[in-house]
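Here the structure is laid out as structure tokens; the discussion comes afterwards.
Chain lettering (A, B and C) follows the sequence in which the chains are written, and residue indices restart at 1 in each chain.
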Amino acid sequence: MAGGMTFTMIDTTKLSTAEIYGKTLCDLGKEHPEIVGLSADLAKSTKIGLFGDAFPERFFNVGIAEQNMFGMAAGMAKAGLVPYVSTFAVFTSMRGLDQVHTDICYQNLDVKMIATHAGLSFGQAGSTHHCTEDISIMRTMANMTVIVPADGWETANAVRAAYDRKGPVYIRINRGFDQVLYDRPDYGFEIGKAVTLKDGTDLTIIACGSTVWRAMQAARVLEKEDGLSIRVLNMHTVKPIDAAAIEAAVKETRRIITVEDHSIVGGLGSAVAEVAAGTGKSFSFRMLGIPDCFSIIGLHEDLMAEYGIDENGIVKSVREVMGKDFEADENWDDEV
Amino acid sequence: MALTKEEKAALEKKAYELRLLSLDTVIWAGSGHIGGALSAMDILTILYHRYMKKDPKRPDWDDRDRFICSKGHIGVGYAPVLADLGYFDRELLKDYNHTGSSLGMHLDSRKVPGVDASTGSLGHGLAIGLGMALAARVRGKDYRTFVLLGDGECDEGEVWESAMAAPFFKATKLVAIVDRNKCMIDGPTEAVMALEPFADKWRSFGWEVVEADGHDFDALAAAFDKALAAKDKPVVIVAETVKGEGIDFIEGDYRWHYGSFDADKAAKARESLARHHAKRMSGDGQKVGAASGAREA
Amino acid sequence: MADNALYASRIFLNAALPLVKVLAEEDPSLKKAFAGKAGVVQVSAVNTIPVEGDGLPRVGTHFEVADGAVKVVPGIADKADVELAFPSVEALNGFFSGKSKKLPKISGALKNPGLFLAFLRTLLAMSGALGATKAPEKPEDQARLVKLFFYLLTSGISQLNKAGHPAVSKWAKTSPDRVYALAVLGEPELAAYVRVKAGNTRAVRGVYERSKPFFTLAFDSPRSALGTLLGEDEMLAATAAGKIVMQGAPEYGAQLGEFLLLVGSLAK
């Protein structure tokens, strides 16, 4: 792993989005002395180092030992602290999964996991550092809350909300250089409630994380060029998912496309399908994501384009779905 | 402080009762991890009856000492200890492992008062214990944390991650005890995955190592006293034990990691435990090594 | 203009005449008139505005009556028991729009008097209703009239698309699969919709069940519906007053409103 080098010169202008959550954690730490932080030699990369600088007595860097880290977090939570644990998503969801599952979820402890570098955001590092399976893995853990914030502000909101949320919370973010989606933090973030960024009646795009901004771009293009009325839902909480919003999308727009920086197996798309299939209504459906393969390496933006989850990919998919039938087309005679 | 004669006699009596109760629990459950329960019973007895600051009526008392049974499969031995102290109704032991019971093969911390962590997946307990010990420091609390590990369990990498971290974080008031009965499921530990030089490994990781006979209360008392007096290093007590200690026909036999007792075996087992207790009370040289398969003297 | 005559004829033949069935089923006295009657009644015209490639000498709509039930069948029947035959499409338009009083050639009336009278009465009832300038008094009459208008207008839009009306067929051609509905809040009986997709349209009676329609023009009561449909209220004012509730984007509502007016203007 590159030693602490987490940004390029171009990114420094956007650096603030990544640090927003680091600062939020510091603010939370001031308000609540029982909050502690843990990391596995990734304090700088995950920005939890900001908390560590502010509260050195309450920060524990365990070195490259994730299993011990999650076990310690469990012990701390059992003993009255609220640990925020930050490492890369691939390590949280796989290296330390037995501990997450058995020590934390099974005992339903207040451990808040901030998993960074999720999806293909660490593109050039390759599959050893990608994580396109974690939404799927984590949502099968009972007692777990799974949140995928769309930008820096939403991450800050999620970090705060996690403190009040009973039980384990898994917050999945990127390297920190997301496009800015919201212009202010008080847009109404609530765990379990999708945010309707844009209303529409032809088709609904349900997205989470870095694909939300891209969905909005796509919706604007489709509105302007194709005259389509697209609804965009930011489904930041994948578990518990906002079933009501999905049911409304099925009933009111009857076409759904999901987009995620994650495998199409078991993630947001599957979670949406589970709800939609249960409505008993017919609808067109397509899941966009990484197609059940180990990704090539590349810059995050390029990889998103490669796998069709960027603006252009979404636009293309919407156009295809709009052309598909979901009811019979044989009889065009007026009823008499 | 060394044990008085009365204290020791009381501990011997208690350990005998708990061994009987553990045997009964295995019978009520139909089968159970009797071998490892018996090898750990003296450790559990002295911990809970001499050292642990606790209140069975307030299992969540914030200032209590913590105990993590990292070798979580010995629920049939640990649950009787808690029941006997009054953490929950003894009658519940009769339903051990029955469908819907709060007591199962591996005790659930959310269901059994007195259990500080849900263990069973080996290798987790030391990390959890370390977390609790560090929490005490952050919160300015005074309690001690004890973690009981199996020796086979020490194959797990997580144990050594935690072992490396504890001295690094200068975790004090953390005492690990290894039930070194030299047996695991597929055979003796040294045949499946050799651990020796075991004590050296801990020392090299930065721990103070205290070796003791795990079936001698005087030795155990000395070990715990030493452990609790340590100031700058975490301490591990490597307790030399015998799997199945107390029931002669299973002692030192790795195949009795898990077993069941029909009426005939149960009767023989009780007789054996009675003899074992008598021998211990008379101080009759019950050194570890009395049965086959135990360590070299 | 030949084009408008074509469009008008399609509306009369395929959107208005089918309403005979609705009245025959719902008006008690007309239902009684049809009871026990059987036979084929046809309204036809010589095809003086042939559409390229259809090669039809006559255009029309016929009704198969059996056991008092009326079945509407578009087109010319092999054999008709009663027929109202117009000499030209223009003559048919003139008659149904009320501009001309010239009667069609009637055959089979003497042989099937009961059937003929039942049909004629229904036809007159229908034109009377649709030609109303003010709303009827009784609530059930108001409701029935709203229903007739809804069916007429949705079929009308669809027929204009099928006839190739420039504005309507352009709208239909570029449209993705969408459903436009007319409704009265709280009255599921008073509903009709048009499904449009890539140049095709289909008018259907009743509520669209599969999902929420892309756009619904809903009235808050049958009386409010008649207010707009009879031209008493202007749509924008009615919307502002809450008599019209648009479910869906307003710009689509404006488009739909235009088409409704278009059908109305051609049918008058």
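FYI, a contact is a pair of C-beta atoms (placed from the backbone, for glycine too) under 8 Å apart; a residue touches a chain by one contact, two chains touch by 3 or more.
Note that the structure is predicted; figures quoted are calculated from it, not measured.
Novice: Using C-alpha centres only, name the chain that sits farthest from chain B.
Specialist: Chain C.
Novice: What pair of chains has the most C-beta pairs in contact?
Specialist: Contact tally peaks for the chain pair A-B.
Novice: Using Cα averages as centroids, what's the distance between chain A and chain B in whole Å?
Specialist: Here chain A and chain B have centroids separated by 43 Å.
Novice: Taking each chain's centre as its mean C-alpha position, how far apart are chain B and chain C in Å?
Specialist: Whole-Å distance between the two chain centres: 88.
Novice: So what's the Cα centroid distance for chain A and chain C, whole Å?
Specialist: That pair's centroid distance is 53 Å.
Novice: Enumerate the contact residues on chain B facing chain A in the complex.
Specialist: 62, 66, 108-110, 116-118, 120-121, 123-124, 126-136, 138-139, 141, 157-158, 161-162, 164-165, 168-169
Novice: Note which residues of chain C are touching chain A in the complex, please.
Specialist: Residue positions touching the partner: 14-15, 18, 21, 72-74, 155, 158-159, 174, 176-178, 197-198, 200-205, 210-212, 214-215, 248-249.
Novice: Show me the residue ranges of chain A that touch chain C in the complex, using the header's touch definition.
Specialist: 201-202, 227-229, 250-254, 281-283, 322-323, 325-327, 329, 331-336
Novice: What part of chain A is in contact with chain B in the complex they form?
Specialist: Counting only chain A, the residues touching chain B are 34, 36, 57-58, 60, 62-63, 65, 67-81, 83, 98-99, 102-103, 106-108.
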